[in-house]
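Chain nomenclature is as follows: A, B and C, assigned in order of appearance, with residue numbering initiated at 1 for each chain independently.
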Amino acid sequence: MGRAPALAIRLRAVSKAFGAQRALDRIDLDIPAGSYVAVMGANGAGKTTLLKVIAGLAVPTDGSVTIAGVEMKRAGPGLRALVGFVGHESMLYPDLTARENLTFHARLFGLTDPGGAVGQASRLLEVERILDRPVRALSRGMRQRVTIARALLHDPAVILFDEPFTGLDEAAALSLSGILERLNTPERVLLVTLHDVARALSGPQRLVVLSSGRVVLDTAIHGSDEDVAATYLGLLRSEAVRR
Amino acid sequence: MDAKTNAPSADLPEQIAPEAVAPEAGRARRRLIGIATLLSIPILLYMGLVFAPEDAQQGPAQRIFYIHVPAAWIGFLAFFVVFVASIALLATGKRRYDDVAAASAEVGVVFTTGVLITGPLWGRPVWGVYWTWDPRLTSFMMLWLIYVSYLVLRGYVPEPARRARYSAVLGIVGFLDVPIVYLSVRWWRSEHPGQIVFERDGMPAEMLVSLLVGVAVFTLGYLYLMSLRLRVGRLRDRAEEEVAA
Amino acid sequence: MTWLGSAATIAGKDLRLELKTRDVVASVGLFVLLVVVTASFAFPTTGEGREAVAAGVLWIAFLFAALLGMGRSMAIEKEESCLEGLLVSPAPREAIFLGKLLANLGFTFAVELLILPVFVVLLELRVAGAALLVLSAFLGTLGIVTVGTLFAAMAVNTRGREAILPLLVMPIAVPAMIAAVETTEAALTGAWTGGTTSWLLLSAGYDALFLMVAIATFPHVTEE
C-alpha cells in the first residue's frame, strides 16, 4: 500500500529543460520518511515543477527520481500509487457529489474496498456530513477538505501540496495547518509549497528554497527560527538586487 | 543548524553576442546555397521554356508542369521532414527537432501554395476548368489544409515545450493521413488527367531531364529557405529569452 | 488495475456525469436535429438520387455532433484540473485515452442512433440495408472520435480552447468521412457493390491505424 523504507524520495541531478529554458536545473534532494518540508521560491522558480516531477505528472529531461528505492523511469504508474497530489485546483467534478468523486478516485487507484477508503478519508478530514452534496454546492474550505481526502484515499507515503494556503482566510489556514500536522507521521513525507514565511516556519521541519530551478537553501527548522527567516529574506533581497 | 546556501550569484547568464554565436561557417553555407539557387533558376527557365519540347496535345501551357510537379515533390518532402522531426522530438525531447519541424512546415506551405496556384493555371487553358476534384490536386489541397492547421495550432500554444509536443503529434497524424486521403479521393473520383510522371516511356528524354532539373532547383530553394528560417527561429528564441530574463 | 479496468472506470464516470447533467446528449442531440432539419431546407432532398445528398447531410451533422461532444467532454476534464486527477493515478495514460474514447464514442453513437429514424422519416428515405447503415455509422464515428479525442486533449490546453478542435480534426477526418458517406449512401439505396466493401475496409483500416497512433501519442499530449 503506502509503506516506504527510510529514504522516501531521492532526486539526483534532476533537470527539466527545453532548449535554453530550465524549469529545474540539476536538483539533488534527499527526503527521508517522516519529513515535513516547506518548499519556497519566487514564481517560476520551479516549485510546482518539482512537485509535478515527483507526482509523475512531468517527466524530467535529465536525472533520476526515486521513491521508496524504485526509480520512476522504471515503474512510473505503480509509483504513482505511493504519491498523493493536491494541486491548485480541486480535481473534483463539480456536478458529482463528494462521495461520487471520492469513490471514482478510489476505484481509479485500484482500491479493493472503495467504500471503506472513502469512509476513512472523509472521517479524517471531517467531511462525512457533506458527502452527498454536489461539489458545486460546497464552500471553498469544504471543497479543499474533499480534495485532500481524495489525495489520501490510497494512503500514500508521499503527499504533495501545491500552494494549499493560497486564498484561504486565517481560520481556514489554521485548520489546514492542523490537518497537515496530523498527516505528519514517521512513515510519511509531506511536501508543501508556499509563499508565506511565517507559515513555512510554523509546522514544517525543513525548508527548501528554489531559485531559477536550483536549490539555493536547504535547512532544518527548529521552532520559530529567526535565523532561518533572516537567511531566506536575505536571499530574496539578493535576488531582487540581481534582477 | 545546517544551512546550505547556494547563492545564485555564481552562475552568470551566458550572454554571448549574436555575431559570435552565428558561426561563420553557417552563414557561408547559407550564402552558397542561396547563390546556387539563384543561378540555377535561369537554367530551369531555359530548360522549361526553351529546351523541353512542346507538348503536342496541351500546347505551351503544359510547360507550367516543370514548376508544378517539382513544387509538389518539395511540398511533400517538406511534410516528410516534419514527420521525421516530429517523431524525433517525441522520442528525444530535444528542441532542435521542433525548430526543424516548424521551419519545414512554414517552407512547405509556401511550396504547396505554389502547387495549388499552378494547378488551376495549368488546368484552365488545357482542360477548360480551373478546378477538378482530381485526386492529386485534391490531396494537395488537404495537405495544404493540414499544414495550415499545424501552423495555426502552433500559434495557439504559447509555451514552447508544449507547443513542440502538440505540433509533433499533429505532424505525425497529418503525415500518415495524406496517403489515405489520396487513396480515398482517388477511389471517389477519376484519375489525374495525363499521368505524365509515371509513364516514363511516354515522356521524351528532354522533358524528363527538364523535370529533374526542376526538382533539383526546387530542392536547393527548399534548403535555402530552410536555412534562413532556422536562423530566424534561433534569433527569435534568443530574443524571447532575453525578454523573459 | 488493468488497462480495461481503468478505461471502464473512466468511461463509467463520464456516463454517470452525463446521466446526471444530460449536458452532452441534450445539446448535441438538439444540434444534430437542427442541422438535419436546416439542411433539408437547403439541399434538394427529394426525388431521384436524394440518397447521396442525404448521406452527405447526415455525416456533416454527425461530424459536428462528434466535435461538439468531444469538446465538451474534454472541457469537463480541464475544469478544476480533473484530467490531472486522472494523471496522478496509477492508470496508464493509454487507458485514460481509451476511457475517454469509449465515452465519446458511446455518446455520439447513441445520439446518431436516435437521430437516424427521425432522419429517415423526415427525408422520406427507404433504408435498404439497416445493418449496413448502423455499421457504417459505427466505423465512421469511431474514426472521427479516435482522432478527435486525441486532438481534444490538446485543444483544451490551447489559447482557443475547444474552438480549435474542428480545425484540427476536419482535414484529418476527410477519408473517414468519404468512406462513411459512400457506405451510408449504399445502405440507403441498397446498391452494395464490391466498392462498398472496399469503403468499409478503408474505414476499418483508418480506424485501426489512428487508434494505434493515438494510443502511442496520447502520453506525449498529457505529460509535461
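What we mean here is this: a residue touches a chain if its C-beta (ideal position, glycine included) is under 8 Å from a C-beta of that chain, and two chains touch if they have at least 3 such contacts.
Predicted, not measured: the structure shown is a model, and the values here were computed from it.
Which chain's C-alpha centroid is most distant from that of chain C?
Farthest chain from chain C, going by C-alpha centroids: A.
Which chain is in the middle, if each chain's centre is the mean of its C-alpha atoms?
If one averages C-alpha positions chain by chain, the most central is C.
When contacts are scored as defined above, which chain pair ends up with more C-beta pairs, B-C or A-B?
If we tally the contacting C-beta pairs, B-C comes out ahead.
Go ahead and note the Å separation of the Cα centroids belonging to chain A and chain C.
Inter-chain centre distance comes to 38 Å.
Centroid of chain B to centroid of chain C, CA atoms only: how many Å?
Chain centroid spacing, chain B to chain C, equals 32 Å.
Hey, how far is the Cα centre of chain A from the one of chain B, in Å?
Centre-to-centre distance between chain A and chain B: 46 Å.
Hey, what residues on chain C touch two or more of the other chains?
223-224
Mind pulling the residue numbers of chain B that touch at least two other chains?
In chain B, 161 touch at least two other chains.
Can you list the chain B residues touching chain A in their complex?
1-9, 93, 95, 160-161, 164, 237, 241
Sort out for me which residues of chain A touch chain C in the complex.
52, 55-59, 77-78, 80-81, 83-85, 87-96, 100, 104-105, 107-110, 150
Residues of chain C touching chain B in their complex?
Its residues touching chain B are 147, 150-151, 154, 157-160, 164, 167-168, 170-172, 174-175, 178-179, 182, 195, 198-199, 202, 205-206, 209-210, 213-214, 217, 220-221, 223-224.
Which of the residues in chain C end up touching chain A in this complex?
Those in contact with chain A are residues 1, 5-6, 9-10, 13, 16-17, 20-21, 23, 76, 79-82, 84-92, 223-224.
Over in the complex, which chain A residues touch chain B? Could you list them?
Residues in contact with chain B: 18-21, 61, 211-212, 214-220, 222, 225, 227-228, 231, 235, 238-239, 242.
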